[in-house]
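Some structures are shown below for you to check.
Here come two complexes built around chain A, the first alongside chain B, the second alongside chain C.
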Partner chain A sequence: MPHPVTDDPEYDLAVIGAGPAGLAGAVAAAELGLSVALLDASSQPGGQFYRHPAPALGATRPEALHHDWATFTALRRRLADSTATLLAGHHVWTVVRAEARDLWDVHAVTGADGDRDRPVRVRARAVLLATGAYERHLPFPGWTVPGVVGAGGAQAMLKSGLVLPGLRASPAGARPGAGARVVVAGSGPLLLAVAATLAAAGARVPAVVEASGYLGYARHPRTLAANPHKVAEAARHGAALLRHGVRLRTRSAVTRVHGSDRVEAVTVSRLDRDWRPVRGSGRRIACDALAVGFGLVPQLDLATGLGCATRRARDGSHLLDLDAQQETSVPGIWAAGETGGIGGVELALTEGELAGRAIAARLGGRAAAGGSGRGRALRRRRARMRAFAAVMAAVHAPGAGWSRWLDDTTDVCRCEEVGAGRIREAATAFGARDARTVKLLTRAGMGWCQGRMCGTAVACLAAEGREQGPPPAPERRPLAVPVRLDALAALTGTAASDPGEPEEHAAGEDSTGG
Partner chain B sequence: MVGAACAYYAARRGLRVTVLDRGSVAGGTTGAGEGNLLVSDKEPGPELQLALLSTQLWRDLAEVLPSRIEYEAKGGLVVASDRTGLAALQEYAARQSAAGVTADVVPGERLRDLEPQLAPGLAGGVHYPQDAQVQPALAAAHLLRAAGDRVSLRLGEEVTRILAGTRGEVRGVRTPSGDLHARHVVNAAGTWGGELARLAGVTLPVLPRRGFVLVTEPLPRLVRHKVYAADYVADVASDSAALQTSAVVEGTPAGPVLIGASRERVGFDRTPSVAALRRLAAQAVRLFPALAAVRAVRTYAGFRPYLPDHLPAIGPDPRRPGLLHACGHEGAGIGLAPATGRIIAELLTGGQLPLDITPFRPDRFGGGVAG
Partner chain C sequence: MARDRSPAERVGAVPDPAFEITFDGRPLVALPGQSLAAALWAAGILAWRTTRVGGRPRGAFCGIGHCFDCLATVNGAPNRRACLVPARPGDAVTTQEGHGHAAPGDR
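== the complex of A and B ==
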């Protein structure tokens, strides 16, 4: 098969995602001599964690909301000093094997919103997926009222120097959201960080509502003792909250939002062990906004498109199955950070560096740099933090009873306005046994967000009242981001007969039929 | 879909039916289909006869089933870009007309009366008012519901064995939850029909043919008919294994535009094919320039079940008494399902067949009872 003529540059390594894992991986690989392209949808590196105001906003102290800003600036400087190419504003929509079987094609669209019509293709010998995670949402009555925002989204907006939606506009010069009352709810360690950030930004936080109990951590004293930085981090947030007079309610959830045009109050109910609301325990708390999130879910669209094997985490989410070198089941495709399970920034930095070093060793024809002191230290750190991540996933895993706080009219899919009642009907009366069939029968998950918002909830409702069958395959989204048709039509360098068809089966092979 | 139709018509003949599926209702190729109920893409012959009967049956079903199945008798519009293509298309349409298809030739300058957003400069086309559309997963689910109490559904149960009596006749099936006895077993396993046949000890060479569908963001109604270019017709009967894509473009009641019908033989491989997506997008934009800046939000792959002569297997299997086949409909299973279901119901109850099913004989490819 003749190679099409192309001017596209070819790299040793394409890193997708310029958050902590991707930055660390790109820097490590470039410093070991690889040519590296680092692609990210955002206009500047940092990812979700090191999100900071755009230069145009003129922020003087972007580090104010980051306690380890120095780590980021050091990485950013090393990246600038290296030969790595940062491709900002690149929205990767798929990664496929190139015609030459030892190369990969990374396809991206560009522009702030991915809306420019010229597609970009980056060709590389290896790909590091550092695509991070997105927030898990569980619906409840009133969650579509303006003023209800994602906890992670709220954190990102504050870090970007923007005003939270639903909050009254702050006077010129005032801090974003200053004076507004924001309840923080859901589950996971992010809640404490969000509450602390909000309080630091001048908002009042009447309550932090955590659905799990923190006692779960106490069952793993050795893992805690091995991760003193995590304990210190929690203590730091906890101290900040105490200082601001924030009340922490565990084993509780916001089960209803009051208000129609905007949030006026929330009802907080106590939960039993399975997250079923305890009848009669509801208490109303007046507030102007609600920041809510139930932890993070690995962003695997590109990986599942490539057929990378996945497994289920303790909280039911899918994560990539990686070997000791951070390589996926598809040789040449590597991953680091949240894609291998939610573990936080330090784990992402560690795994990114491990992956960058392993890829450099592989492409350089050497065995993985296992003998070096640095490699050993990184692997030890990874093992320690992965153990903590597993405890965290188990402690904050959504309990099966959460769906009891839904009524049948609650919209579960916001894009297509599909209520819980219709999803339950599809499952009980029309033979839908999984989220995919519910989607086909109700359109839940077919809208703009492609089920990223409602996927967890729909899967839970579809499985309600049935014995657990085989675990569902991860959702397949071959287009990781929307792509203009003229951008698709303008793709070049793909041979007409498309011979690059890998033999292996995609991980999510259909098991349906007869 | 085919299984649901078999169950529906059999139940209406008074039979008690159990529908088994190892997944969900519409979990296989039905859920990956566009819901094409087409006569326009079929050469005169046995498949077209089946399609014409189905067209009538679908119209009847649309009266019985709720409007949520999104049945739309929207008609098809096949266009040709140049004079040569148009001449071939007109000749083809004339032969279809002789076989009972309504096919109206549309001159180039009248095309935009039917489809205002169509690209200018096309040579002409043929309008097929009998072409229609349905949302396949909803249609299958509602058809099973409408079949009533005589049909029981057992989902998430995989058939692991076909039970046979002393004379080799079918006695039922085995699943992980036990044996289910029945005088007849209908193989409506679609793309996996060959595997089920093998369980019964007979060969049926059903193979998968992959297709991609592109789905856009929701739009106000921009495309009124099922619109496609004439080269689609040539692809259906083609024996070539190379990628052949021709965009069928259509709007849906929910808003998104569907662009579909790439055709590849690559086994059960879901890896996105950039080449296939590029062709779908390019052909759609060529037909409807207004789609250029519209974003595709989703794409999905399905596996059409096809047999070597591109005709389905419908009818009793003489090699295994009691076993009937209803599979291998390639890309036309949704459209051909009601006629297939009717035929199976008549066969099970000794009724009068609506058409000659000899071309669909399941044993026409040879191969006897194995082992």
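== the complex of A and C ==
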């Protein structure tokens, strides 16, 4: 039987997400005297960048898979020394305004995959959304074959579970882990990091396949010069790949996966400037797995549910519109890290600390802590890294020609198994112009993942052939994580505040999917 | 950087004692602290679900709980995200078919 929602103590601040941004924010706010609850779905803090094995795996050198591990251990120590409460294994599914008072109710389900019968409510005067990002995927023939995994996903499985994708069953006693051939493909700087980590952990990486060129960066020499750490990071990964003999193919993409029950090979084709595959350029590369991803998309479900305003990045994704203090358009709701735009770990740390300080100032009735040297330095760093993030989004923005590598039978929606042909038909024959209409007509995006995997692709296909459609609205998912009906029922009695409409959004979503 | 190391060697892992789980009745070795998906990958298994419409094999894709492609039936309970659920000694993982009715003889 489900238990009723428990009444946890009231906090000054609830931080959602214990990645670099949330950790930095929680530590900063707690050290300035706020009572802080830090919630994360994972069983351990760290988020994507500092994801690491569970203690039982006994990693004596966890730093071997991370750059700058010491930053994380220092933050973790400060968190433990502070009064902040870490609530691990808490999957937040909604944030609503509490009745009458100036408080927020954060609702979470608990357990490894949210399975435990203990819904939790955390009350707080302010909320910091540090929910990070998820990977953007573009479909291609064969992308549903087992052994095709997200690039970040491969990285996450390696960092937490110490495994590689595409291993063959090994005879007893053989060394597990070594030898799988993993092609890394897609677009964005994460590919280099993933390839370097995979190679260092024993995978053979026959190729890294990047759809854009890196020359795009050269058009912004001043931004590059202002971000030497980013250049050094790329150089570090590049050197590691050279050492492992990994070939980098730019302006190319995996346009087909071969194999039916598991990956046997991929076809890599050259792309033109718009990412249209060049006919006859396909080369087959034998491999056991493909790690693929086309950059990251901010995870905004909780924020859009609250009505926070969004804006669009150069790559078409939606980000939260934040003021100089990291506050969203909804007073009392703040954000830091990838929710405000994809910028990487240093930016997330910087924004988290800025947000933590600003919230402490606000709740303490002081003006924003702007004048201090630390505040100024953080804001300068943020501006510099945001500029780099904008260049990155532009360089790796998906070209419109990618859909040419689809055939009509390619499943675009993995959950509902909806092929590209049916989505195009919905657009051409039935006039569907956006992802929501396509969803109603074809069920694409209606499955378990609520369109997280196919959202970009469906929106592109629906807009295909139109000169300039209206910009798509951010997807709205009323439930940020799956919730059982009994947990939903326990919400009764909580005033479900009218979230209002986010500025860019026309109408609320009426389907919860699933 | 040495070549052909395993991930565990790379981080100098000295794990707690390994234990047995089963996949469709077949015994596998899992390490404490690994998710079920990680244990299956380590054993060379990439698929543990078939889709509702096409009956196609699927396994872990996003690796972080977002895509639901890794749904497995664990000890008779369907629709568990194998990339999130930690492996425990004696766990019986069975291929989940379609909507996730547990395999016959599983309960």
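FYI, the second predicted complex is superposed on the first by the 469 of 514 C-alpha atoms of A that agree within 3 Å, B and C clash if a C-alpha of one lies under 4 Å from a C-alpha of the other, contacts with A are read in each partner's own complex, and residues count from 1 in each chain.
Just so it is clear, contacts are C-beta pairs under 8 Å (C-beta built on N, C-alpha and C of every residue); 3 or more make two chains touch, one makes a residue touch a chain.
Remember, it's a predicted structure, so these values are computed and weren't measured experimentally.
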Go through the superposed model and pick first if A:A124 touches only chain B, second if only chain C, both, or neither.
neither
Mind working out whether A:H107 is in touch with chain B, chain C, both or neither, as first, second, both or neither?
first
Applying the document's definition of touch, where does A:V96 land relative to chain B and chain C: first, second, both, or neither?
first
Let me test your reading of the model: by the given contact rule, A:W448 touches which partner, first (chain B), second (chain C), both or neither?
both
For A:D434, using the defined touch cut-off, is the partner it touches chain B, chain C, both, or neither? Pick first, second, both or neither.
first
Could you look at A:A313 and tell me whether it touches chain B, chain C, both or neither (first, second, both, neither)?
neither
Partner chain in contact with A:L479 - chain B first, chain C second, else both or neither:
first
Return first, second, both or neither, reflecting whether A:G305 touches chain B, chain C, both chains, or no partner chain.
first
Dual-contact residues of chain A, meaning touching chain B and chain C, are 115, 416, 447-448
Under the stated contact criterion, what part of chain A meets chain B in this complex?
94, 96-97, 105, 107, 115, 117, 305-307, 416, 426, 429-434, 436-437, 440-441, 443, 446-448, 450, 469, 476-479, 482-486, 488-489, 491, 494-498, 501-502, 505-506, 508-514
Chain B residues within the chain A interface of the complex:
20-28, 31, 137-138, 141-142, 144-145, 153, 155-156, 158-159, 187-193, 195-196, 214, 216-218, 242-243, 254, 256, 259, 264, 266, 268-278, 280-282, 284-285, 291-301, 303
Using the touch definition up top, name the residues of chain C that touch chain A in the complex.
1, 3-16, 31-35, 37-39, 41-47, 51-54, 56-69, 71, 80-81, 83-86
Considering the complex alone, what residue numbers of chain A touch chain C?
41, 43, 48, 53-62, 64-65, 112-113, 115, 134-135, 144, 146-150, 152-158, 160-170, 175-179, 199-202, 240, 243-244, 261-262, 289, 414-417, 447-449, 452-453
